[in-house]
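Next come two complexes built around subunit A: one with subunit B, the other with subunit C.
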Partner chain A sequence: MTGTPLLSVENLAVSMRLPAGGQMQILTDVGFALDAGETLGVVGESGSGKSLLSLAIMGLLPGAATATGRIMFEGRDLLALDDDTLCSVRGKRVGMIFQEPMTALNPAMTVGDQIAEGLVWHEGLSWKVARAQAVELLDQVRIADARRRAQTYPHEMSGGQRQRVGIAMALALKPALMIADEPTTALDVTVQAEVLDILDDLRREYGMALILVSHDLGVIARMCARTVVMYAGRRMEEGPTRDVLTLPLNPYSRGLLRAVPKRRTDGGKLDTIPGSVPGFARLPPGCCFSDRCPERIADCQEAEPAWAIPTAGRGVRCIRAMQEFAR
Partner chain B sequence: MKKRPLLDIRGLTRDYVGNALFSRPHVNRALDDLTMTVDAGTIHGIVGESGCGKSTLARIVMGLDRPTSGEVIFDGDAVFRLNDKELKRKRRDFQMVFQDPFGSLNPRHTVGRIVAEPLHVLDVRPGRAETRDKVAAMLESVGLTAAHAERHPHEFSGGQRQRIAIARALITEPKLVVADEAVSALDLSVQAQVLNLLMELREKRGVTFLFITHNLAVVDAVADMVGVMYRGRMVETGPAQEVFASPLHPYTQVLAAAEPSIEKFGRPASQQKPIAAIADIGVGCSFRNRCPIAAARCAVEQPALRTLSPGRQTACHRAEDLLPSTQPAKARRI
Partner chain C sequence: MIVLLLRRLSSLLLTLLAVSALIFIVMDVLPGDPAAIMLGTSASPDTLAALRHELGLDQPLIIRYALWLGGVVTGDLGNSYTYGVPVAGLIAERLAVTLPLALFAIVLSVAIAIPLGVASAARRNSAVDYAAAFVSQLFIAVPGFWVGLLLVLVFSVSLGWMPSGGFPGWHGGFGSSLGALLLPAIALALPQAGVLTRVTRSAVLEVLNDDFVRTARAKGLPRRAALWRHAVPNALVPVVTILGLQFTFLIAGAVLVENVFNLPGLGRLAFQALTQRDIIVMQDVVLFFAALVIIMNFIVDLSYLYLDPRLRGRSR
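Showing the complex of A and B:
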């Protein structure tokens, strides 16, 4: 084991100030560590807080949000940095790819200039040099005829091409950590496969660490060595992806895996998780999944189960899972 | 004797003409001589990537758009030969569920009013009390309660809204429901609930579904039959289970290989062939630039959809090469 990891999130909690007054806690007790070249998948349904987590690491939390805990990145606590210092980290050391390739780009600027902008800003390059580098980057994300395409506007490109531009932008400054929030959700499966391959190549080439946020368990299985499953702003389970997806410890992960559509050989119904994801204002007492959990016991609603490490490399938040392990 | 199919689509072509100001008008062929049938009481899946024409197909089947040529014969009537009044009357028999459960429900109306809206096309409009009863019964059959009729869409979650949209589609007791990406916007745990509802409605009410999606796994889970579309053409059809277990068109294979799965860990070894651009339609096979097994013949002759084995059709010159040497006995994808 080397010394300190590239990124370590400890005890992160984020709460939002409500317009009507008062606070609502969104993220609770989130923590994980990531080394250079490693990949972490963050899975969860909508409302699980997975996007807020990526914004928190990126330092892009909305004004109404307050974060506590620590986000240690390259030896500095990102939550303690002032805006100017954070600005030099964001974009340069930490890059982000957004879900919506339509809205993440500036419609009034050529894609080449959008990629070059970061290089001019952070590296002090001249526009001329930066534009030339932008062409190289477009080539790297496999956009054919990059020199000409650099001079086009986002609306002239397809969704898959725009997402590649988003990747090229995030990649321009060779960040040590890349956060990709649902990077391929809007894309066709064949284009998705290509974009994922590009990300994987770049990770190998530059030793970049990657956090991939997705609701698609298949994408996570393809890309990530480790996975954390989130629900209602909490981590429910963490471990090597293959272990989490084949031997899930938390009943929520099990339910999620069973709900992946697949043909029933007996012609019966598909497995579901009853109910729907509760809003943060309406969480049940005790464990946040207890109202939908098929394996609930009385203790589950007594108190929120603590994050526990049943075996090296795995983590889980569930009384039942820990009981199983004790046996 | 084969029963008459509920929906019979013959040689459907739809051209969209782009009139750019300073360039020649250019024709974009969204549907290209598409022929297919849908039997009553089945869930018929249509899969394909964006731009393959699957939504255009949905719009034409719904009578929301007219084909450039070809026929849609629904329950014995050629839809585009009906006059407006007849078409309106016919609409009670086919309804649609849209992708976006947030955009497709009027936020100012109560759920009761939204669900009751299609009743306007009926010859004899039900009275107020009868409408209320119908709406209540419908809401209950999609897993909501009669009391929900008083509420507004914003009070419901995505999955519940999609149930409302399904209730609206079913209130006129249609024979056919076209569902265009109806579960794509839903979370995994809710998606399975809605898919179960569709299967239940098919069983209990005998509703036929034309189920359009880009998600192969969803189609594999619920559909009886499937059609795979590429660039406006049907390239493969057959029982869903067989098509996904042993595809007879290279495009279906490419799609199935690219689909992420929780059983495939890590990056697959195979590399995709880079796509060479071809603009010409009509000459040769439109998939040949991406096809791993394209031959010289594919560049000159467009393959027609042909029957390869009972119930299985494919539009590929080299489909025989894709046949497993010994037919596996009912291979199932798990």
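Showing the complex of A and C:
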């Protein structure tokens, strides 16, 4: 890494105000850095706080959430900016693709106008010019007959097409950073591959950095150079995707990997991680994974393990992993 | 789309036909013989019979209904028993007061309710929201004609700013006519605005949680733009539905408010016709009101197609 990274998340913590009163911390000590053009996968089970992380970077946390720490992006701390200034970053420098293509588009506006809107807003283009650019963008996300399709409404499109519209919207202003939150989870497998291809091609073409949030290790492996594994709002492990997938340090990452379905000839049963992600109110003492961890020792529940860097380019939160590394 | 329109149009006509039959039967059962009322108690049975024959009242119900309906279809609404002039002319003359009054009231009610409802949804549980809730509750609780009396007391009797009633007629100047309609329109609009504010608030609140509003924010739109460009248009279907329903109440309310403000409108015409047993005028005016309401519902249905593109797809 040379100079300052494009995005550097430091010590990010997000807590939610509960309706019954009191606060509940969801994200704890999240941190990573991303250079221009780099790709980072964020992987974890549902409820691990992945989506909240992407919303925090966008500055679109729900009203009940408060974030502390720093999110440095292009030299500014996004957490310290007021909403007006954030509006000039959102959509223009950071684009976001959402999970649900069915609900993420406005049902009462043509897709062309929804894409053009960002251009009108940020660049001050006339609607006529912006609409023409929207057609080009639709073409870039490989929607056939883009000129006609630009005038259709979201309900007239398939899920895959809608998600491509979502990509076109996020791409409109050629942002330096693209955040994709489970972009293909709601899609059929064949459509998934196509949408990922488009996303990857466009990212390369425009040299955009990408944060891809997914529970799907396959998607992450295909798209991202580096990977962060999250659990219960904490990063459990980080490193080059290949290393994390082949030599996982954290027992949680190993569990995730074992739970990926593979072609088997012996009819073996799919491994699972026993139990489910505990609610944030019912985390065990010490390590947040200690109640489900097959490799737990007594020390694991003594204190929360710190984030540690066993070797350059890798990070892990696990005392067992560090012990093993020391040997 | 065309098929849908034709289907709605034919059901509109059928409804009107049913309504006309209902109106005719109700008027027929209504006690009081128009001929007897016109001639007074001292009339001889012969003159009475002659007048009944002249008015066509001695014919069977079904014939009278057919004659009336035939007239209505060809634009001949008959002659008023008391005024002796064509009812169509009477309605047209009175409509020039009631229709502007109703439109004025609708415009006022929308102009109050939409900004207030949207603002209280956008700042839920804030002072604005509580104030809007209080005001709209107040508007709903207080009947329109009473608001009218109050407005007359304050602005006409005490302050002398506004006429207390009456209508100069449109030929007497646009400004003064509109001025004469202002207080009655406010009296009609406030209760409507109260209901509409609440409907708008809850509709916008529901849409604000939708994903596409967050998408709009992710594009870089400020809260305000995301609210007005994305949330509000998607919240309008329930608002327009209520607006259409309110039109019915507006017409019913016009009868009272026109009497309070002494406005020569359709409501007063209907009221006078009722007291004078001018049955033909009653029939025509009530049918006209019914037609207005049914047509309004038709327009509301059409507006759904405009507001929600998804409905257009389904009708194809």
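The rule is simple: the second predicted complex is superposed on the first by the 319 of 327 C-alpha atoms of A that agree within 3 Å, B and C clash if a C-alpha of one lies under 4 Å from a C-alpha of the other, contacts with A are read in each partner's own complex, and residues count from 1 in each chain.
What we mean here is this: a residue touches a chain if its C-beta (ideal position, glycine included) is under 8 Å from a C-beta of that chain, and two chains touch if they have at least 3 such contacts.
Source: prediction; values computed, not measured.
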Subunit B and subunit C placed together on subunit A: clash or fit? fit
For the superposed three-chain arrangement, angle subunit B-subunit A-subunit C (C-alpha centres, nearest 10 degrees) equals 80
Practice problem: Name the contact category of A:G118: first (subunit B only), second (subunit C only), both, or neither. | Solution: second
(Q) Contacts for A:I273 in the overlay, against subunit B (first) and subunit C (second): which applies, first, second, both or neither? (A) first
Q: Applying the touch criterion given at the start, work out whether A:T103 contacts subunit B, subunit C, both or neither, answering first, second, both or neither.
A: second
Max touched-residue count on subunit A (subunit B vs subunit C) belongs to chain B
* Once the structures are superposed on A, label A:L245 by its partner contacts, choosing first (subunit B), second (subunit C), both or neither. => first
Check the residue A:V219 against both partner chains and state whether it touches subunit B (first), subunit C (second), both, or neither.
-> first
First, second, both or neither for A:H155, with subunit B first and subunit C second | second
Minimum Cα separation between subunit B and subunit C after superposition, in Å, equals 5
Dual-contact residues of subunit A (subunit B, subunit C) none
Seen from subunit A, its contact residues with subunit B in the complex are 45-46, 142, 159, 188-194, 196-197, 200, 215-219, 221-223, 241-242, 245, 255-257, 259-265, 269-273, 276-277
Seen from subunit C, its contact residues with subunit A in the complex are 210-212, 214-223, 225, 229-230, 233-234, 307-310, 313
In their shared complex, subunit A is touched by residues of subunit B numbered 49-50, 157-160, 187-193, 195-196, 199-200, 214-218, 220-222, 240-241, 254-255, 258-268, 272, 274, 332-334
Subunit C partner, complex, touching residues on subunit A are 58, 60, 83-84, 87-92, 95-96, 98, 100, 103-109, 117-118, 121-122, 153, 155-156, 166, 169-170, 172
